[in-house]
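Next come two complexes built around chain A: one with chain B, the other with chain C.
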Partner chain A sequence: MATSTHPNARPPFYRDTQVIAILMQAFFLILVVAAGWFLYTNMTTNLAAINNASGGRLSWSFLGQTAGFEISEGPAFRPEQSYWRAYMVGLANTLRVSVAGVILATLLGVSTGIARVSNNWLLSKIALTYVEVIRSTPLLVQLLFWYFGVIATLPAVKEAAEWPGLAFLSNRGIFITWPFLTESGAPWFWWLVGGAVAGAVVAWLRRRHLVHQGLPGGGLILGVATFFLVAIVGFFVAFSAARLPDTIAYELKRGDRGTLFADADGDGKYKPEIDRALPYVPITLLDAGGQPLATETTDGDGAFRFFEAPAGGTSLTWTTPPPVFLSEPERQGFNFRGGLSLTPEFVALLLGLVVYTGAFIAEIVRAGINAVPKGQWEASRAVGLGTADTLRIIVLPQALRVIIPPLTSQYLNLVKNSSLAIAIGYPDLFYVGRVIVNQSGAEVQMILVVMATYLSFSLITSLFMNWYNRRVMIIER
Partner chain B sequence: MTTDIHSANWVNPNHPTPAGKPPATQVGVVGWLRANLFSGVGNSILTLVTLGVVYFVLTGLVRWLLGAYWEPVWANRKLFAVGPYPTDQLRQPAAVLLVVCALFGVSAGRWGSIIRSLAIGLGALLSVLAILPIGMQAQLLMGVAVALLVIGYLVGLKVPIATRWLMLAWLASLVFTAIVLRGGIELPRLGIAWSFAPLVDPGLYGGLMLTMILAIVGITLSFPLGVMLALGRRSTMPVIKYFSIIYIEVVRGVPLITILFLAMAMLPLFLPSGWSSPPGLVRVLTAITLFSAAYLAENVRGGLQALPNGQYEAAEALGLRHWDKLRFIILPQALTKVIPALVGQFIGLFKDTSLASLVGLLELVGIGKAVIQQPEWMGVPGGAAKEVYIFVAFVFFIFNFGLSFASRKLETKLGVGKR
Partner chain C sequence: MNRRFSMMGAALLIIAIIYSACAAPAAAPAAAPAVTEAATSVATAPEAAPAAEVAAPVAQTGSILDTVKERGKLVCGVNNQVPGFGVVDQDGNYAGFDIDFCKAVAAAVLGDATAVEYKYANSNDRFTLVKTGEIDVLFRNSTWTTTRDSAEVGMEWMPVNFYDGQGMMVRKDSGITTIEDMDGATICVQSGTTTELNLADYFRTRGLAFEPVVFEDNDKTFTAYDEGRCDGYTTDKSGLVSTQTKMTVPADHMILAETMSKEPLAGAVAQGDPAWADAVRWVVFGLIQAEESGVTAANVQEMLASEDPTIKRLLGVEGELGSKLGLPNDFMVKVLEQVGNYGEIWNRSLGPDTPFNLPRDLNDQWTNGGLLYSPPFR
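Right after this comes the complex of A and B.
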């Protein structure tokens, strides 16, 4: 009618799709803002009714207040420090269990996934049973089983189960023989970091050179060799230049125990905020006549206690420690000294997360290997490659494209699932957040902080995954 | 036909050797063993080592299972089933079970395939429970439930009920469940108060019944929201698109427990001051619905993306308007494609309901924790923890394994993942 005589005329606004789209979006926006405003005003009035002081506004000053509670493990934390520092300790604990969990779960998952596609019937059926049982059971039940059913039923310290020279298992934790970096080893750590950087740079340069020349191969071997070279050189340099600090001093109490530390203010007393404790230093206790009574090594906190010596020591001498000290746990009274000590909560959480996530990673690896067309297997067999070589050279590189995106999601799931630590008392960031809420009453603020933390983990993972997907995606027309 | 070897018509004068049997080491049991277990030196050693490990693990497990103290689980079977629901009103959950079984049977008859496999599994489970000596009334109930399942199946086969009536019946059954379990309806804001039995406080729902309620209501309520979010994410209108993206990414980026605590603490804060505080069950259901909707949106988006563009274009060429296009062409195909993923999501949600125990609800895991704390079992060496948690894990395993088995059969039928 009227529009057909003008080819470019627009229909009336109530039938014009562009106008309708804009109107609908405006309507939707108004709806969302109205709902948000409704919820917000409700929240502020209700909050004002509860805490009259703040008048309903969200204040963030509680973060600087004294915490007043202890955290059972993680970086050193004292109750006088602030809520914010407590939250940071919780975050460190989450990262600790997440990194260990990701590494172990990947190892377990990849081997189980390969076992699933193996042609050994027994192995593949066992892997199938493991995956099916673990994936069908909730993680919370598995965690509670590991903690209350397994770890809590380990023997007491007095009768702790022992792997000779390696570890002790008891219901107060697992204690493992572990190498630690000592005072003279600390500079070596920086040499290792430098070596890693140098190795990466050398590998990249070599690869660029080879690509430029059109030759095959990569820079991996050269990079690794560079890293080891720098590490060994650094070891000897650090060892020969190793010196204990000049301000070294000690506190000796009751003739057989005390602390070895670097006295920053020269007053001879150990103050944790100013002075630095010296761990893993070999020391000798001398009596009044200068005769050596016993030798020991300071433990991880710089403290020492001579259990076997008579309590008659008056002075102490020390020697420069080697860069790496292999610390073995020893039973001392109701606990173990030395070695790496893992609390029952950490072990239960780690076990639960690794076993659970490993099953999902196994399925992802299996799906990835199965996604490679059968023709690839047949062609590589025709060329004469065996199973292991086929997997390594042909199948796994192609499978990686299918495996990596869901694998990074599973890593993210592991980090999110570590929040279940609240069920067994491991002080991760969610648990510490709840304690902060209980003590300070700042419910809304802490929920926002906790959600923001997990969201940033998830954002970092998505960014990585998008970058990886763009790099390897097959461009279709 | 000569015996001259150079002729074109040469015939071999020797009798051909009779076809022999294949060598004994290649076929039958021995052949299978050689191929699958002992195909090489490394493989054989692996098999022997694995056999040894399996033997030790299995004998230890069986010995423990037979010698374990199962009394805490057996004595509390009512708690594990329905939680602290009033014992004299157990007819109400029983009625719900019977109605659901009948409806399930009818759906199995009408829709077949995956629903039928699930119904067979459910029937087997109920029959086992009818045989175990759990108590006369409970066994009778299980027997009647199996009978209703079978009758419903036969009815479904014979009577051609339209899908929309069956869907309506399922939705009505949800409302029926809510009313019957509560004992009536009580909405003080709207002034409705009707009851046919003493009203049961929702805090008394528990056990496997509560787990089922949380999972089923969760996925049902999150379905419309999830589909809307998926469509919104693919929309060309930027406001709606970014709102959907932000919602989906935020909810998928945080653990469920965070959202549970958020709902428990903040839902009363968000409601106007005059309203009464919603019961814990409602708060947890809200959290589960909001959480599940984001994951469902991603699954449905996968289905929408898998649909060839030609479908959208053909629908538009036919002149279908936006909502008709969705209703008749797009959504039926997309949703059918994502059924396996939806089953996987339901399994995940079923497992995630266990987190409700951390906010005070007494579903299966919560009852397990409460049973362990009961004073009767304090003197048991090693505590009742192992047996109770193994039992709870076993219950979850039965349901989830059954669901994933049915889903795998469906995937095989649909031909997913074949060459």
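Right after this comes the complex of A and C.
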């Protein structure tokens, strides 16, 4: 019995809980690594058997091949471009629907959650019905309903419903008059970014100054004023310095259509990888004698088309565009051209995702509000605050602490559910990935890429939400 | 509290076990007939194996021909949304031009045209399913192209069983008479198909613009066109004819005269299995040769006594051609009795008695000016 009573004496290693813990961790780690290694070698051996012509290795060279297919919406894409570029277009589409969906679903969910706990009987019952019905139906069924059920009832293109000068509604989509940044507006965009940064810094400094002085108030007004000042200054600077690139060139086909672009290699042919297309430039079609035949503006992807122009167009001239161009949709040929177009696929997907996720968010918000002790409500009533003010100042800030973690899950669900776009023809990244798999046969590579993309979206969202959660969570002793 | 949790956990476990047991037996009864005739030691394995084999795609080291014989059933990848080629009725029975080819292969290998499990393969999945071994053979109106033949997509293509071309369907009241009128139109097309690529090529070379609306399966594609989402709907002309019958008002639509591309439709198996590829290939050739030689389902028994050496070799009366392919020597007799020759398959699904009444044109025997030409059976 030689155990000393020294406080730092440790038991022998086989009874030392710390050592045992470390050993178990190491053992478990070896187990996990071995399992991962087994799965990996299993996959590579099977792949080698299937792909024995390419040596059984995963080759990534297919990403540079020509895609050959069109994508119906998203950033400008031509079939001559590569699979990688097609995937990027799909990625942009997913981001577009996810960001819009998250914002709208939050708004809808918070309002419905508040409606659920409201004293107004009709309002709370309507919210209840909405939540229960939407939560009980599969999302795919809802998406198909929105798409096929809704576009079937919209008017055909020829009889499109019109808001004069503002928008058109038809079963080909919603077309809205919209301002776009042009070539000369691009530098202005950087001024705006700078203005936003400057405004944020000014607001922060002002707030810090006020806090030091012990005065109430915030820096918001000053920050917004700074932003507008910088924006206006930037507008005039950009406008006066506006110039089209020197290497500007055009391709004219069939006398009435083609592309206007900045020719990087000077060969007069538009190559999407190296030449840059010029959008929203006013152009005039001239005939052989130099007489103007028609005027138009190039589209968002630099392409132009003169509808109903007389034949014999041989050359083009252009003028420098203003920084912002107000694009109005008009019916030409089979479709509407111009303006901001929201296709039925996009609208149906957005509606389906927002309505579905909104129902879940409503329940989370309701749980959060119910988690705030009743004493808070009574105290705020005693102080004289009405329901709306109570909610805004007292209850919701406390409810946020309960709401944020499950809300993160719902946001991630929305992003992942956007992959159902494939069912209604919206070209999101999963859809484009599937087409690439079918056309090129590279299944494993594309699945890895798609999984990695969704994983990074989710990790970034989680990261941000966890940071926000740490800021609002209850700090107990 | 603890006791309640553990009882709930036990109940969930029991439910899970019962459910998984109930999900398996769909495969077990099919193995029963094979068990009764196979040897004992082999019998115990297929009973447990089919449930796993149909579900687990493993790279086969032996030939698929042996796997199919052992399994006693052919897994055939088909379409279920194209009337005339591959469609399923409300009782779950598959019928169509491509389906009959599946039946022919099953009759040749297993002696029974009904020993087929049909698996729907959508346009994006179909080749992956073949490559991983989940389906043995694909008869799903798929076009033979260089990329699909190469190691990249990894298919081995059977003889063309339908020479088709891509066409465009529009509404009669749209005022469109040729594809040149469709500049800027919206066109519904199915994703992952040669149709999608050909459409882009055809329009691009003519300097025409179009807006695609793309879906994964045929049903959604033509429904969107029918509802007015698109001005045009494009797929193989045979698909257009058969889908027209599914429109709400078929008479409102018409198929434009232009053929936008060559679409040779053929069956496909996985690359790297020459025994299986040869077996399926010669079943298809056998159907074509039978029509050329005039052997039908009705007269095959009489033809066994024929003096024509080609027919004698085709039906296995003379020579060992079947055995050389790994099939029973009289495989064509079984095929013709149960399915018929190429002409009978055509008439059953696409002939004058059907709503389609497609003209034979290129799909006729070489003796009649078409492209069907079987290498000799010798």
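Everything below uses one rule, namely that the second predicted complex is superposed on the first by the 290 of 477 C-alpha atoms of A that agree within 3 Å, B and C clash if a C-alpha of one lies under 4 Å from a C-alpha of the other, contacts with A are read in each partner's own complex, and residues count from 1 in each chain.
One rule holds in what follows: a contact is a pair of C-beta atoms (placed from the backbone, for glycine too) under 8 Å apart; a residue touches a chain by one contact, two chains touch by 3 or more.
Source: prediction; values computed, not measured.
Looking at A:S82 after the superposition, I want to know if it touches chain B, chain C, both of them or none. Which is it: first, second, both, neither?
neither
Thinking of the overlay built on chain A, is A:Q398 touched by chain B (first), by chain C (second), by both, or by neither?
In the superposed model, A:Q398 contacts neither chain B nor chain C.
So in the superposed three-chain picture, is A:V32 touching just chain B, just chain C, both, or none of them (first/second/both/neither)?
first
Which partner chains sit in contact with A:R305 here, chain B, chain C, both or neither? Use first/second/both/neither.
second
Looking at the overlay, what does A:F430 touch: chain B (first), chain C (second), both, or neither?
After superposing on A, A:F430 lies in contact with chain B but is clear of chain C.
After the superposition on A, what does A:N46 contact: first (chain B), second (chain C), both or neither?
Touch status of A:N46: both partners.
Once the shared chain is lined up, is A:I422 touching chain B (first), chain C (second), both, or neither of them?
both
Using the superposition on chain A described above, determine whether A:E443 touches chain B (first), chain C (second), both, or neither.
In the superposed model, A:E443 contacts both chain B and chain C.
For A:F148 in the superposed arrangement: first (chain B), second (chain C), both or neither?
After superposing on A, A:F148 lies in contact with both chain B and chain C.
Need the overlap of the two footprints on chain A, from chain B and from chain C, as residue ranges.
Touching chain B and chain C on chain A: residues 46, 49, 148, 152, 422-423, 434, 443.
Touching chain B in the complex: which residues of chain A?
Per the touch definition, chain A meets chain B at residues 21, 24-25, 28-29, 32, 39, 42-43, 45-47, 49, 119-123, 126, 132-133, 135-142, 144-145, 148-149, 152-153, 370, 373-374, 416-417, 419-420, 422-423, 430, 434, 443-444, 447, 450-451, 454-455, 457-459, 462.
If you look only at chain C, which of its residues touch chain A in the complex?
Per the touch definition, chain C meets chain A at residues 58-59, 61, 123-125, 127-128, 131-132, 147, 151-154, 182-186, 191-192, 196-197, 199-201, 204, 207, 209-216, 220, 223-224, 227-229, 231, 270-272.
Which bits of chain B are touching chain A when the two form their complex?
The touching residues are 35-37, 39, 43, 46-47, 50-51, 54, 236-240, 243, 249-250, 252-255, 257-258, 261-262, 265-266, 268-273, 347, 351-352, 354-355, 357-358, 365, 368-369, 372, 382-383, 385-386, 389-390, 392-393, 396-397, 400-401, 404, 417, 419.
Which part of chain A faces chain C closely enough to touch in the complex?
Against chain C, the touching part of chain A is residues 46, 49-54, 62, 68-72, 79, 148, 151-152, 156, 171-172, 253-254, 257, 303, 305, 332-335, 344-345, 422-425, 427, 431, 434-435, 437-443.
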